[in-house]
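Scrolling down, you'll hit the structures one after another.
Next come two complexes built around chain A: one with chain B, the other with chain C.
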Partner chain A sequence: MFRLEARTSTPAWFNLALPLLAIGATLVLCSGLIALAGAGVIEAYGVMFSASLGDSYAITETLVRAAPMIFTGLAVAVAFRAKFWNIGAEGQLLAGAVASCAVGAIPMPGPLAMFLMAVAGAGAGAAVALIPATLRVKFKVDDVVSSLLLNSVIFYALMALIEGPWKDSFSGYPISPPIEESANFPVLLEGTRLHLGVLAALIAAPLIWFLIVRTTLGFRIRVTGENPEAARYGGIHVERVLISTALLSGALAGLAGVGEVGGVHFQVMSDISPGYGYSGIVVAMLARLNPLGVVPAAIFLAAVMTGAEAMSRATGVPAFLSEVIQGTALLAMLVALLFTAYRIRRVGAAR
Partner chain B sequence: MPLSAPLIEMRGISKSFGAVKANEAVDLSVAPGEILGLLGENGAGKTTLMNVLFGAYAPDAGEILVQGKPVTINSSADALAAGIGMVHQHFHLAPRLSVLENLLIGISGRSGRIDRAGGLARLGEIGRQHGLTLDPDLPVSALSVGEQQRLEIVKALFRGARLLILDEPTAVLAPTEVDGLFAALRSMSAQGLGIIFISHKLNEVRALTHRCVVLRHGRVAGRVDAPASTTSSEMARLMCGHEIVPPARGPSTPGAAVLTLEGISTSGHAGTPLRDVSLFVRAGEILGIAGVSGNGQRALADVISGVRAADAGQMTIAGKMVSRFSPREVQALGLGRIPEDRMTTGLVTNLPLADSMVLPRIGTGAFSRNGLLKPDAIRAFAEAQIKAYDIRCPGPMTRAGALSGGNLQKALLARELAFDPKVLIVSQPTRGLDIGAARFIHEKFLDMRTKGCGIIVIGEDLEELLMLSDRIAVMYEGRIAGTLASADATVARLGLMMTGAEGTA
Partner chain C sequence: MSVVLEQIFQVGFLAAIIRIATPLAFATLGEMFSERAGVLNLGIEGIMLLSAMTGFTATSLSGSLWLGVLVAVLTGALMGALHALFTVALGLSQHVCGIGVTLFCSGLAYFLYRLIFGQQSVPPNIKGFETLPIPILSDIPVLGPAVFNQFSLVYMAMLAIPLAAFVLYRTPWGLSVRMVGENPRAADSAGVGVIATRFQAVVLGGALMGLAGAFLSMAQFNAFTFGVVSGRGWVAIALVVFGRWDPWRSAGAALLFAFVDALQLRMQASGLGHIPYEAFLMLPFVFTIVAMAVMSRSAVAPSALLKPFRREER
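Let's turn to the complex of A and B:
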């Protein structure tokens, strides 16, 4: 018989071992589904790997996918550190995309346009995140519910925009007009889609890490998240910290949308995000809310997404598997987190 | 004195956590009708031993016998089935459910129906037998701490406990409530129930128990067969391994007032509000605030700490008027605060100890500049305090929650005293601490008094207040019922004032 026993301390190597354990468990669990779909497990995972990380072009494609999830992952990690339950990164991403698209369509010098797109997108994301944060601080409205439901509000507002005033009058498709060509983010490697936004995401992660670990704002975010009462008694304005966190989190999610508009799609359409905002939650949990861990976690999920499409083409396993893998990875990580607080112990059977 | 076969027996129990031997070869038994005292300093292994008995930990070695038969207890459900009930220090109750509903949690019949009438009858019966009466329909959130504890005891009896474990039950009670608890425990013992009573308070153990087991460093350091006729200092020596002498309060000439409250009143939801409270504390003086908990002490501490604003009245710290009532403002004026509840309003248990130690002053030049932390300064500060106060922990980056209560209290003391406060407000400073740790805290307060700090000690332990204070004010229903010089104060007189029976201005 086995039982759980409380741990007095958590070894440091757990931070690395747990996500790996969770990913391993996920791949094992999902191999059953692949077998059920009638494909060879080794072959399917092999195709997934080679299509996502097998050569330099595949790696750049995976990085392009990872960039928005690095931003949304950082957004969620920052928010969750303060226990501001921002499930609204998806909506904030969309708001950022719309705002940056509107700015990018105005003719002006390229560098200025890109800068203003980033400012507008971050601002729009922050403004959306401010809504659930204000509702919580002023009226004690549950932030999980309000931030989640706002996603639908923003999505349908976007639809109204591209079905209405922004609709392509020539083709009739529900897509926005493209941004100015000068506002397109420069490509970093000739022949790939690796754009400036990917570099920005990779730089953002250590910056956010620095903010959380080395600044007084980061200190206040951590303390407020772990014990708001102690924070209040210690002279921290808890409400102000929650609002700052929400603004920062929303801005990061908004930047995910900016990167998609400026570096990938150059316009806004209804499927501009295949759920990058929700994937950000998985990314942040796999990273154990550590901003540096967000980068490998986002790359893992991006590899699963790009790999799953190739696997689908090669073996006939539906590409939906990528979503199953994401969901399973989140569950596996939540289970693995149990081991930070508990250990498994063998005990004698009851007599 | 009961002589029958033991109700429960623990033989050679050992339990280690990593390299730490929490229990080593501990033998213990309780006979029917016996009240066994379990004594020991914090970290001596009392709680671990009881957690083994209650099924939270599996022992590394040793066996447990219930009425002579060996049993394996793997969960609290097993323990309950074996007739063992436990009242933890932190209650396990559902605050929104009623008294009766809390009793019935988990014991619905096979059909899934809840036997309300049967539950009511049993509740009434237990209440009559032991004087443990409770209103069955009141929600738990409306009960006082003493009543919640009563409910925990009733809950254990309701489930057929033959042995009741009480982990420091008096730590949360006012003196009058302690008398009621003891009467109930004696009544249970008279009916053949076994009781294990864990406490630091030697006078209580001497008054209540039939026999004592003293633990030190996880081993049985001694057994006392007649606690009533054994002196407290003998038992203290068994617990600590050396003599404990209470610190002496030398004479002191108080200086100017460093904290004044004039006609302070509050309103709001949390606890009893203050009504026209005026008091002062002078430099080099300790003012005790006595009172049954829930008579406005929380509001008083919150106002002085700047967490709650006063609706009316004025407060000065070191001669300066407090205008905004914010924690930062009162701290900048020279106030230090040691909170009543270490875990909830003092520390951040999931973060490194160093973070908790710099928390109130993180925005000051000592620990940050231009919004950037100074990690080296934070670490050095924590390390210096750990050394100066002999805080037992692996280092400043240890999770604060891993420290024992005494060490946490030392850490909180260190973080305030390092900045030489002009006024110090402390609530229940030694609650849950063992003799050695309490002694250390008391000495520090008396040191600060000598150095000219004005100290307010809010407490319920009258003996502690009498030992520390120069003057004692009594709170009753949000007012100051009276103030006595400690030379004129006795436990009996303070006790009367605490019930509102006597007022002396």
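Let's turn to the complex of A and C:
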């Protein structure tokens, strides 16, 4: 006989084993769709892998795609640590993109422009995240719904901008004017798109890890998330911690938008984010809310996205498989997390 | 201003409001049932999209509109069951699961659509529902042709609202739904199956979301495009809150939003748009966020919303 038993602690290797288990289950489940499309499963996944991680150019492309998801993944991980349910990374990213685009269009020396773009983008993202946090702290408004709904508000604000004052009067397309060329993020490797923002994302992850694990603010964030009553009893101003968390989370999501404007698109358009904010939730969950885990998790999703396009060209399996994989991975990870709460014990039949 | 007033009292404008409100009404009622039982379903956006796709495909392949509607409803119910499996049976976090269901369903909808129809420059379409005038009632001036010369699915929505109110407030099952959403512990003591009731409510909600999807691809657009839902699921999430988790108020909220949306479309078409149309599209979200702040003191949300129920935890 087997029975479920509550766990009190989880071994450290779970942090690696659970995401791998979830990803493995996802790839097995999604192989059914590949077969349905009439392609060989091994071949399709093979193309997906080689086109995303198979050579150095492919790796740079994957990293470029991973950068915004590292930032949104960090944004969600930080927020969820404090149990501030920020579903609004998408809107915060868009706000960051708009703000950095506005700043980047002002002629000024390149390094200053890039610095101010980052400041403006992070500020805009933080300002958006402040709304659900304030509503929760002051009015006890549910942050899940308010942060989610703000995504639509910001999206329509962006649309109003690029179909109104920012509209390209020359082509008539709803695309903002480009930022100054001097404000374009430098490319780190000749012949690739690997830009400064990718490096910033890779540096941000260990910094946020340090902040969460080693600093007082990080301690307060964790305690507030794990046990707000104990936090309050221990003299932690829980409301203030939630606001700080929201500012940090929003700023990180805003930086995702900055990187896309400064390093990839150099302007703002309606589809500047193919849902990177929502992907951030997948990334953060796969990383078990560990900032260091966010990097491989984001690279995994980015590899799936870049690989899926090549797979589609080679095998005819629609590239939308990458979106199914994202959704399945998130659900599989949630189920895998049950192993952290319960363990299956073998017990004697006669008890 | 007089131009605006003239527009409002046109038959075509009134009819447009009702058409825009219909999928929102189905989706809002669906989300409401789920939330009244204590389960937030953020999968709604994806469930509507997948249902719109499966319904469209079934009709396209079989030629039968009602078979398409049935397939869409079953798709919605099945995806509702998926969300319920994770959030009710396994007690996983509702908001993260909901996002997962939306990502999964949208991906699956795009994937299967591309697989079945390939990449075509002109998206395939179907001969969708035609308007069905109701004898006598459709002869009432202005109101008749606007309200009683509509698609049969519109009449279904009109009936679904009082029916939903009846089921929720006047039937034993509706009482159970409200109990498990307010106080699952007490419901459990009273012998109500919390898990079963929640499961049923989420599945019923999914079926209604499926109807909403069916309306979009089979009556409103007669085609499946990637933007066929374009945020209507999120609008429904807002409308449920704005409608204070009540079928009548939620349906009223859907009508109000449809009015704003129809007005915005008219102003765009007539070139009267001094105000960007996006400002109108933003309104339901802004209003809802403000309403949540104002309402928070009156605590109208189901108390157990977002809280999983585990019997052994006391």
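The criterion applied here is as follows: the second predicted complex is superposed on the first by the 340 of 351 C-alpha atoms of A that agree within 3 Å, B and C clash if a C-alpha of one lies under 4 Å from a C-alpha of the other, contacts with A are read in each partner's own complex, and residues count from 1 in each chain.
Note that in this section a contact is a pair of C-beta atoms (placed from the backbone, for glycine too) under 8 Å apart; a residue touches a chain by one contact, two chains touch by 3 or more.
All values reported here derive from a predicted model rather than from experimental measurement.
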Chain B versus chain C as contact partner of A:R232, first or second or both or neither: first
Chain B versus chain C as contact partner of A:R214, first or second or both or neither: first
Partner chain in contact with A:G327 - chain B first, chain C second, else both or neither: second
First, second, both or neither for A:V153, with chain B first and chain C second: second
Per-residue touch tally on chain A - higher for chain B or for chain C: C
Chain B versus chain C as contact partner of A:R222, first or second or both or neither: first
Which superposed partner A:W85 touches (first chain B, second chain C, both, neither): second
Touching residues (chain side chain C, partner chain A) in the complex: 40, 42, 46, 86, 90, 92-93, 95-97, 99-108, 110-111, 114-115, 231, 234-235, 237-238, 241, 276, 278-279, 281-282, 285-286, 288-289, 292-293, 296-297, 301, 305-306
Chain A partner contacts - residues on chain B that touch it in the complex: 17-18, 57-58, 70-72, 74-75, 78, 305-307, 326-328, 331, 337, 339, 344-351, 355-356, 359-360, 362-363, 368, 371-373, 375, 398-399, 402
Complex interface listing, chain A residues touching chain B: 1, 3, 5, 8-9, 214-220, 222-223, 226-227, 229-236, 345, 347-351
Residues of chain A touching chain C in the complex: 33, 36-37, 85, 87, 131, 135, 138-142, 144-146, 148-153, 155-157, 159-160, 163-164, 275, 278, 281-282, 285, 318, 320-328, 330-331, 334-335, 337-338
